[in-house]
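Here the chain labels run A, B, C and D in written order, and each chain numbers its own residues starting at 1.
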Amino acid sequence: MKLLEILQNIDRRIIYLILALSIILPLLFPIGFPVDITQNTQDVYDLVDKLPAGSVVLLSYDWDAASAPELLPQAEALTRHILDKKLKLVAIALWNQGATFADRVHNTVAPEVGAVYGEDYVNLGYRPGQAVVLNSLARDIHATFPEDVARTKTASIPMMKDIRSIEDIDLVISLSAGDPGLRTYIEQIGAQYPVTITGGVTAVSVPGMLPYLQSGDLVGLLAGMSGAAEYENLIDRPGLGLGGMDAQSISHLVIIAFILIGNIAYLAGGRKKK
Amino acid sequence: METVGIWIGALCTLAIFSFLLRENPFFRTAEHLFIGLAAGLGIFYGYQTIVSNAWTPLFNPDPGEARKWFLIVPLVLGVLLYTRFLKKGKWISRIPLGFLVGVGSALAIRGVIGASFMSQIVATMELPLWHTMAKFKIDAILFILGVIGTLIYFFFSREQKGPLKVGASIGKWVMMLAFGAAFGNTVMARMSLLVGRIYFLLGEWLHIL
Amino acid sequence: MLEEIFVVNRLVLFGITVAIAVIMLIAIRRAKKGKKYFIRRIAGLEAIDEAVGRATEMGRPVHFSPGIASLSEETAAQTLAGLAVLGYVARLTAKYDTDLIVTNRMAEVLPITEEVVRQSYLSEGKPENYNPDNIIFLSDEQFAYAAGCMGIMSREKVAANIMMGAFWAESLIFAEGGFVAGSIQVAGTANTHQLPFFLAACDYCLIGEELFAAGAYLSQDPMQVASIRVQDIGKVAAVLLIIVGTIASTCNWPVIIDFLAKFAS
Amino acid sequence: MRREVPIVVTFVSGILFLLDYFIKIPYVSENVVGQFLDWAIIVAAFALILGAANIFRIHIYKIVKGKKEWWNSLILLVAMLVMAVVPIIWTQQNAVYTFLFKNIFENLNGTMFALLAFYIASAAYRAFRVRTKEAAVLLVSAVVVMLGATPIGAKIWSGFPEYSGWLQTIFTTAGMRGIMIGASLGAIVTALRTIFGIDRSYFGGQ
């Protein structure tokens, strides 16, 4: 009974410490668990991979700094794949911080694959209005985004000459941490226009997206950090996502252990009467 | 400059983490700083949009572009939003607000009715009863019962008795399984955030990674 | 002919929208004229009775939070439902002479919570027991509010912790704080992503629309009651459609699916 | 007048956008609707600044009155001003803006939510109990999904990813779909109430 009592009364700070260690140690001493590719990630990869060179992809940054550990690696992996395949990339944002992250991803990836701003990719930035923005850009991208983030006229950007409305876009990818985001794209763009919609979300949002996957309104889905890790595997460029997976494994075990310990003590200690 | 930035970042991170021990002045200052910066971003993007989407096409159109006179309307509407700070003219701010809310409500219906309502019903009824969706032959039956049960759980116009009670009970257990999965996913998401923070502290700041 | 006026593939959706609008307008009109629509009592309200009862037995206070949303966001409906539940809780605490502490995060919600609680005490005939000092505005910052609540729960040894409204990330902090203080916890929110934590840490939890139904049941506001009725009709239609459609699909009878593919896609 | 005008504006703009989706209205669908969308973006931009204006008002008041910890309000306002003015003058690619965003803003925002990892850990240990049958089912399903989602789960038992996938494909999807259909009806009803001017909570309960 002594052990049970101790187990029942571990200090909050010790719990915090154990959790921190369960993430720090695997980062310091990587174990290298193999990452399996799930079908949803494979579907996203195939969609991008099968597009012929010169096709236009709209990549929407619908997240903030709080979700960067999950969605930044996804954005990097996708951008690398898109530019590598010589597709045209149009980045926009439905969350205002997204526009800054788009710049950052472009600055990292573009020089490596030799992509040129204005010819291969462009960052049109953020506009407020949520669903309004999507309906507006579907009709006329140039009127919705008259300037890019550097205040160059959209009309004067070479690649944008032929990209004027949703008809000119071959694939929509929304990386989203909530609303407005992937769901807004499915409801406002997918329901109205024939373009295929795919995306990546934080793990929290995954359950809410599953019905759309089953109904076919959404094709493929990257799920949080593990989705990013799988995509990095597929394009053969290990990055932040893969690096974090060992820590994920161990910290999950720790959480499960906490639930078990708490409940064993609870059940053995006699449940309190209701 | 980069080192300075990383040190500032580390201090910010630690100030927020200090909340774990107790609420304290450092945390409060950091929280205020955060709200200030976020509000600043809002001002910037609001301004940027007004200039690029309204002011320039109205007052400085490119040579060869037609001047878009109509854009005077949203500019006026936008300014009217600020009458809410007046004592007397407060109600005027409800006119532009009404415009936004009207358009927003209509777009909400347009979006929801197709993809989130009808399409979800159709995708359920398309399934034949005897059909393997993931693993077993009875998957489709379980699935359809799950959807119907959940709907019955949220049916409030009758007492839950007889078949309604059975249906609601199926719905309840299916939702518990669903929320369990949601729980697991949320743990994953939060751990990812912590991984991100520890990457920053140990890698970029202390260089031990 | 049809093609010239209507977007043909959305014809059924148009019909549904019109039907919902018409039924809703009729239902609201009738409710305003005094028609009583039946809404069943949500089981969670019994859990609230039990929680307040236990607090009374132990002679310790009840804590109530109406969520952290304001009244001018999309989530305002949840706050309103939470306030309706607050009225119910306050009537119970007035009846049993138990202390009730209400914390607020939104300054604009504060006067409304004060009014709701005062009215409840008045209707129970105990206006003198209403203590305005127990309706507390903590902070408009999310985590500062959460920290303040935790402090109150442990200092005042709250015996029942009732949380009804829109909650976000702080739900976890609350639920744990209440559990550690040894309270019975009843929660309710329509923010689906927070429900798992409430379900795991609370004794009873109103799931999603149950919160709205509880609010409508308690307030008997014609607009809310009528809306619940309209949604229920919609749900019955959805269930029937699924059943008929599934039978048709199983029998390889594609008429319905083909019809919907043509007029509702 | 004060009551009617806003309600009429809401009704007209709402009905117009709703009908435009279902009916081809000559001239209006091609020209007016697109125009209104452009307008809405601009008004939304003003509304974005409105939020900041509100914060500005509250904190100016705190500073002027010398309220408790007024210096925090001062820090807030300075941060707000710098974060707004710098990119307005030099665009978001300016070095000062990037510095503030990357080093201060991102770290504050990221850490705020990373706190939750710790809270989950401590709640897992102290609060998540199999108090009811419902909670038991929920926690078992949670554990299966957690093990299914991480590489280590597959190492322990190859069934974890499989059953986690099955659980999510069937039950999570079914449950979420039921909730989604119900919530959609709720959203439609709420939106219709707003358009018809029956529900005025958007105007601050007046």
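Basically, a residue touches a chain if its C-beta (ideal position, glycine included) is under 8 Å from a C-beta of that chain, and two chains touch if they have at least 3 such contacts.
Just so we're clear, the structure is a prediction, and the values are computed from it rather than from any experiment.
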Each chain counted as touching chain C and chain D at once: A, B
Chain pair that, of all pairs, has the most C-beta pairs in contact: B-D
Separation of mean Cα positions, chain C and chain B [Å, integer]: 19
Centre-of-Cα separation between chain C and chain A, whole angstrom: 31
Inter-chain centre distance, chain A versus chain B - centres from mean C-alpha coordinates, in Å: 14
Chain B and chain D, separation of their C-alpha mean positions in angstrom: 3
Shared interface positions of chain C, touching two or more other chains: 10, 13, 17, 143, 192-193, 196-197, 199-200, 203, 208-209, 235, 238
Residues within chain B bordering two or more other chains: 19-20, 28, 31, 35, 41-42, 45-46, 48-49, 53, 103, 107-110, 112-114, 116-117, 119-122, 124, 144, 147-148, 151, 153-154, 175-176, 178-183, 185-188, 191, 193-194, 196-197
Touching two or more other chains - residue numbers and ranges from chain A: 16, 19-20, 66-69, 97, 99, 125, 127-128, 130, 132, 135, 143-144, 151, 203-204, 207-208, 211, 214, 223, 226, 248, 251-252, 255
Complex contacts: residues of chain C adjacent to chain D: 4-7, 10-11, 13-14, 17, 20-21, 24-25, 28, 71-72, 76-77, 80, 108, 143, 169, 172-173, 175-176, 179-180, 190, 192, 196-197, 199-201, 203, 208-209, 212, 223, 227, 230-231, 234-235, 238
Touching residues on chain C, where the partner in the complex is chain A: 192-193, 203
Residues of chain B that touch chain D when the two form their complex: 1, 5-6, 8-10, 12-13, 16-17, 19-20, 25, 28-50, 53-54, 70-71, 73-75, 77-79, 81-82, 84-85, 91, 94-103, 105-110, 112-113, 116-117, 120-121, 124, 133-136, 139, 142-151, 153-154, 171-188, 190-191, 193-194, 196-197, 200
Chain D-touching residues of chain A, taken from the complex the two chains share: 10, 12, 15-16, 18-20, 33-36, 38, 64-69, 97, 99-100, 103-104, 125, 127-130, 132-133, 135-136, 139-140, 143-144, 149-151, 203, 207-208, 210-211, 213-214, 223, 226, 245-246, 248-256, 258-259, 261-263, 266-267, 271
Touching residues on chain D, where the partner in the complex is chain B: 2, 5-18, 21, 35-53, 55-57, 69, 72-73, 75-84, 87-88, 92, 99-118, 120, 134, 137-146, 148-150, 162-185, 187-188, 190-192, 194-195, 202-203
